Amino acid sequence: MSLDKLKQIITDVMKEVDVVIGYKQGFDPLHATPCFITKPEQVDQVIWNPLCVQNLASYLTSLKKKVGVIVKGCDSRTIVQFMQEGLIDRSKVVVIGIPCTGVVSVRKVLEKVKHEPIEEVKFSDDGMVIVKTPSGETKMALSEVAPDKCETCQYPTPVLYDHLAGEPITSTKDPQSVFKDIEEFDKKSLEEKKAYWEKEFDRCIRCYACRNACPMCVCQDSCIAESREPHWVSQKSNLTEKMMFHMIHALHLAGRCVECGECERACPMGIPVNKLKRKINSDMKVLFGYEPGVKPEDKPPMFTFSVEEKNIEEHKL
Amino acid sequence: MSEVGPKELRIVGFLCNWCSYGGADTAGVSRFKQPTDLRIIRVPCSGRVDPLFVVKALLNGADGVLVSGCHPRDCHYSDGNFYARRRLEMLKRLLPFLGIDDKRFHYTWISASEGQRWQQTVTDFTKQIHKLGPLHSGKEAQQ
Amino acid sequence: MASNKNPYIPELVTITNIIEETPNIKSFQVVFNDPERMKTFKFEPGQVGQLSVFGVGESTFVINSPPTRMEYLQFSVMKAGEVTGALHELFPGDQMGLRAPLGNWFPYDMMKGKKILFIGGGIGLAPLRTLILYMLDNRGDYKDITIIYGARTPPDLCYKEDLKEWEARSDVNLILTVDTEYPGWDKRTGFVPTVLNEVAPSPDDTIAITCGPPIMIKFVLQNLAKLNFKDEDIITTLEARMKCGIGICGRCNLGSQYICKDGPVFSLAQLRDFPGVV
Amino acid sequence: MADTGFIPKEKWGAFIEGLAAKAQVWVPCLDGDVVIFKPYSKDQTLCFERPANSPPKGVIFPQSDTLFAFNFSKDPENPQKVMVELEEKLDFPKTIIFGSRPCDAKGFLIYDRPYMQTDTPDPYYKGRREQTAIVTMSCQSTYAGCFCTAVGGGPADKEGSDVLITELDNGYFIEAITDKGKEILQQAAAESGAGHEAEALKKQEAVRARVKDPFCANGKPEISKDLFESDEFWEEELSKCVSCGACTYLCPTCYCFNITDETTFEKGERIRSWDGCMYNHFTLEASGHNPRPTKFQRFKNRVGHKFLFYPEKYNGVIACCGCGRCIRFCPMSVDISEIVSKLQKQTGSASNGK
Amino acid sequence: MRVGVFICHCGSNIAGTVDVARAAAELRKVPGVAFATNYMYTCSEPGQDEIKQAIKRENLDRIVVAACSPRMHELTFRRTIEKAGLNRYFLEMANIREHISWVGLDKEANTIKAIETIKMAVAKVMQNKPLYSSSFKINKRVLVIGGGVAGMQAALDCGDGGLEVVLVEKSPSVGGMMARLDKTFPTIDCSICILGPKMVDVAQHDKIKLYAYSEIEDIKGYVGNYEVKIRKKATYVDWTKCTGCGLCMEKCPSKNSYDYFNFGVAPTKAINIPFPQAIPKKAKIDPDFCRQFTKGKCGVCAKICPTGAINYEMQDEIVTEEVGAIVVASGYGLIDMDKFPEYGGGRYPDVITGIQYERLLNASGPTEGHIVRPSDHTEPKTVVFVSCAGSRDKSLGIPYCSNFCCMYIAKQAILTKDHIPDSQSYVFYMDIRSPGKGYDEFTRRAQEDYGAKYVRGRVSRIYPKGKKLVVVGADTLLGTQVEVEADLVVLATAVTAAPGAAQLAEKLHISYDTFGFYVESHPKLRPVETNTSGVFLAGAAQGPKDIPASVGQGSAAAAKVLALFSKDMLESDPAVAKVNENTCVGCLKCKLTCPFGAIQEKELRGGKIVASVIETVCAGCGVCTSTCPCGAIQLSHFTDNQLLAEVNAICQK
């Protein structure tokens, strides 16, 4: 995909919208940051590379304007899910899709370079990331430092777009592998799983970054994690309350999570927040043959029902 | 509360007003004896039972949670239990992922006339929970 | 508050009387559980207290009885949220927690020998009441006292007993108004800022003190300016969500000033320093 | 002061363990791929290579803290009368924060002014603070987003620390800064530090030179009020902010809190818990009115507090220690240092936004 | 808050296995509980007075009554506290009888369970908010479903009471089962002679609008304002033109149509009027048998009809009626013969059902009242009646008694003797159930005056032997095996729920029992009400009943409707969902899940979109509340905080 083509599309789209959301270079060479383009001269700031990790569709529900938005394959599912839930006016959104060959996990890159300050980041055509730090250059394969979601990505090309910057690409990843990690984890003993989550959630500082970064967390300021009416969780900082918050988060996303991974990426404490939601998604697939954010005409399974549920058996004691 | 007898475990039941609460009443009227562990919370409809109530109870001290509504198609509110079925099934599958035995949570359908079925359900579920033992060991009562 | 004391621990008080001022405002008269404390407790008019309903939380209210009358401390509570809702469920004899006095107070010394104009709306009369009663108890120190007070309807007027008494006094000029016509109401109608214009008090040698809903204050301030009141002579008391009451927790700030500690009483001149407030 | 010492690498572990025998020691530990402060124990993996993801502020200012417990009791003769008993707990154990960074240590100084140096000191903070010694490690490197020198700090700044430790090639150079620090140094049974001072200084200076200074104002950036009051400025800079508040919870100087009553049926506690000015509910009033309803206003207040209001109140001291966590961990990579540099009083013509 | 707790002994019902005094003492320790006492019968008038006085004396503002099920007495106590000046929703009941004292054996455990259950109620009541009903207009029209004797009685009583009635009957004529009967017990008067005038009344009543050959398609709404969709099934005869002359039926060449009215005792024509007294007396084509439909040509009736009423193109038609109350009198069904392989299971033509025998006895029936064997049209001399064919038989899933078989068997035995004086009737019975007025005398008459031989025992087998049928049974009184060679066997087949009863219940949102009979609100005290306000029951739809009981219930249901409609406005149940507009984010997921369409989108000043509840449409299920992620829509009286208070009261780690 050429950056010039992307810029050309943005320039064209700007004629019909109030703002185009894209990426520009962030505070250091390893970070990209969202940019809100309202003036033609800002188009030149736009970048596109595997550092463009943020899900820009997240902004759509809070913007009242007509918006152009750049989405990767995974991000595009957010828009489809918004459509299923009637959360956006599609006529006010111009979707600029980018076929994506994978992004980096900043965390994984930092781990590779031992958290040294980053001086330069380059991407080679053969899928390598070259990171320069004071102690020299480190070369790593993009696939090595990609976030987990890229490993099983089924939708490298956006599932929906008005403009596509580049040629569509099809996934080479095995569709059966999508929930392999979830299935593996579920095979562990109850005690192991319990201990795992206790350890992970214990780190939670209840900053709610996972929630605010989540495009599907529509409640935002009205989240029941902080309200007293209703009073589901106390402000005590213990494991029970932390677990309760994460269960609220997960259950409210049941059958809605598009697995963009923003929650996990936003978590400053490295908690695998997305795992619970992916577990539910795997069940949604089994129970209702449903995958969030793929078909705009689908109905999220928790907001509908079948009189006869083919895949739900009555439980006997 | 401190009065839980030494042999009892904490079991919470969410019963829909029209069918299962009535079924429990019918069991009472018929004097069908049951274990005493269960504490019943009356809700209008099983569709009112947010799975989070089950989670809240399990995280905060319950050893087992039972939800019972009208049989599918018999919901007083026509569709409430259909939603409940989906949500509760989702939860039932999620609990073991968190390390909580899904046998600690049971959802079922009992009509107002099924006193005997209610008795059976309470008896069997209570037995099941006793077999699993307490969910919360003392060390978890941390701040 | 004494510095050796834990500022977060409330003192226990008991409700002695509850007055239903309006359909959604109740006044609570409280005394300290410790009778000695009732004697040592000192506060200034305009200072606030944090009332606790244990298990529900705390909320801030001005002490609207004057320091000159120490049989009890009075707080008026409009039902709005969780804590105020819980307060409305209390009975005489029930216990509450109180952290008081907090914040600053009306500069009544500076007002001595001057004419005083009170402009209040709804429950906004509460902070004014403490100063009015204080001044009435020291009547000689002040010149003319004018009170313009309004509410939506006659039942929404607070402190009906006080109003009756002030109306009867010759040394107080009480002007009451309600927003619109109301059966049996033979006094003024119209919004407070409008009535202020009609009354058109002279700014000379006069201190104006106002409190009420934000929209009322906004227009009162405008109209006072039109009447040529100087910013320094206009005093108001602010409200904000407060928690700690000692200027730390961070939510009630206007710039570098904390309403709970540096306020709640500010002159308009002071408020002009906080961008975006006026 | 010549209160220095040296610990060779092989005695490092014993040193920490020795401290842990006498006090509760909080150390940065590797947990998954993050570093957090935890109470020391032998089975933890200590990590001094990089700053902890979250600062050690929770040791002195816990995420949630019981202010007091209340117990209801009833007069059996008169069931109508409910009595309340309040119970405060103010005894705090001797504690050492070990392995904080100079920026973390400086954070506590920002706390000290409103929490201790007032006529109503906060007994919980004060109690813990006085019981706690801060043993700081000087930074060996810079880290994404950090800018301590720009706000008057430095990678080996001593302000706020009781002990400063600098890692050398074959050991650790220890400087005791306060009396508490001297006590720790004594316990350490360290060799003399005399011969190592130069190496330490050299290391410290080398890192210092690498720290970025986006303000170039000798550690005292001044903000232009005009631009600060411009709504357009904030809207332009903050559109990408998702108002999550991770920045506040990770900030060593952010000290806002909430007070809530959490009660079970018959007893309860009034607790104090971290809160942040980036949250909508922080200033939301019961009526539904909110003086700071948008993320723009909230972020403006956050920057204002750190670079305008706090300095205004406390002699020009900036309430930011430049640790860079808010930048590093911001999911949208909002960069406060960039924003403040744009807000700085400019000698030239107006910059952004207006 | 000052909660008052009243713990009922219920005589020894509760106090026998729960230490109520200890419970009261424990509750007195609970903060917020200002008063707790135990009382012998709280629901009694002095008991209720005690509550009222305590509210005044102790200054109570919330009340918990720990007694029986709230399904029993919640309304009683709500009224009690309302009389004492409290909002009725400041009441909670703790069910310590049905759920505790009656089901637990251990007094200690019961007492602890009771204390905790009461504490849960206290925790909840402290979260309760006052709720106020608003009133709404009612549509004073009533829908009666089913035109049998119960439905007709209800329709006539309502009509006479001045209400407009919409009567919907599934079959082409009103009359139901009673119209098929020959005589009625115990008076032996002619069934159609007493029913006919009622049928005519229904047809001629200016307040009654009859939809015959119609079924309920859909019902929306709530008490006072139902919208009913009725499917008028295609008759292929324009009833506005049909005069009921019967010419078409006479000339119709398709003679082998199944005769639903006569239960197939003999065939009928493809176009027919079901019976001479039918109301409406209109012809109807059975397309399953009509040659025009099966073969595509015929058209005889169209040619012959003097008024040109035949219309082969006719389609079902859906009409909408608006009513304020509904009486369900949809009647009963009968178990199929094929459930009894041991009795021939329908294979032996001379083993017939009781209702088929009625048609044979009936002068207007296919045999004009001559009793003949279906197989060879000869007069039977030995007739065997088998009672409880299916009834009280758990193996068939029918543990209940069909109520009126014993009586009609006696009647049929008497009538058999009347018709064929040299006949002998045998009755195999299990018990003779004849508790009605004059009933027992009647069964005795059958035996003593008419010589019917009653054999106590079950028939185990029937098999053909030549032209006869051998009925093998046991005489349990004599302890011997009995074999009777019969010419005709009549089975008193078990009464079941009407076909389609469950589907109708689902449309009405009423509950039905395992057998498909509709469940009344209370088996003793609210026998014609259902749990759905505005829907009443009459006749055998609720359970097997005979004519007098059905008629009585029809009138009772009518009285309930008239009482309901005696007011111009109804009070809405305030326990409905409410939206907090401050916290609602307008995602409208609640609107997606509401089963009643009670949620609308609303734009606030400033453009914010929020959900808004149509109070009268909301039925109070709370699905929206468990759907709403931000807790902004709360079902009043069952809010998250109220339920959490209960959870928290018992779940404390």
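Should a chain be cited, it is by its letter among A, B, C, D and E, assigned in written order, with residues numbered from 1 in that chain.
Here is the rule we go by: a residue touches a chain if its C-beta (ideal position, glycine included) is under 8 Å from a C-beta of that chain, and two chains touch if they have at least 3 such contacts.
Remember, predicted model here, so these are calculated numbers, not experimental data.
Contact count check for C-E and A-B (C-beta pairs in contact): higher for A-B. Taking the mean of each chain's C-alpha atoms, the chain closest to the overall C-alpha centroid is B.
When chain centres are defined as mean Cα coordinates, D lies farthest from chain E. Chain centres here are Cα means. That of chain A falls 30 Å from that of chain D. One simple way to say how far apart two chains are is to compare their mean CA positions; for chain B and chain E this gives 30 Å.
A separation of 54 Å divides the Cα centre of chain A from that of chain E.
If you average the CA atoms of chain B and of chain D, the two centres end up 46 Å from each other.
Listed for chain E are residues 2, 119, 593, 627, 640, 644, 648-649, 652-653, each touching two or more other chains. Within chain B, the positions touching two or more other chains are listed as 1, 51, 56, 60, 73, 79, 83, 87, 140, 143.
In chain A, the residues that reach two or more other chains under the touch definition are 220, 227-229, 232, 236, 238, 240, 302. Only residues 72-74, 76, 79-80, 82, 264-266, 288 of chain D touch chain E when the two sit together in their complex.
Partner chain A is touched in their complex by these residues of chain E: 580, 583-585, 587-589, 592-593, 627, 629-632, 634, 639-641, 644, 653. In the complex of the two chains, the chain A residues touching chain E come out as 85-87, 218-220, 222-224, 227, 229-232, 240, 252, 299, 302-304.
Against chain C, in their complex, chain E makes its touches with residues 1-2, 59, 61.
Those residues of chain A whose C-beta lies close enough to touch chain D in the complex are 26-28, 30-36, 54, 58-59, 107, 110-111, 114-118, 134, 199-200, 203, 205-209, 211-213, 220-221, 226-228, 234-238, 262, 265-266, 268-270.
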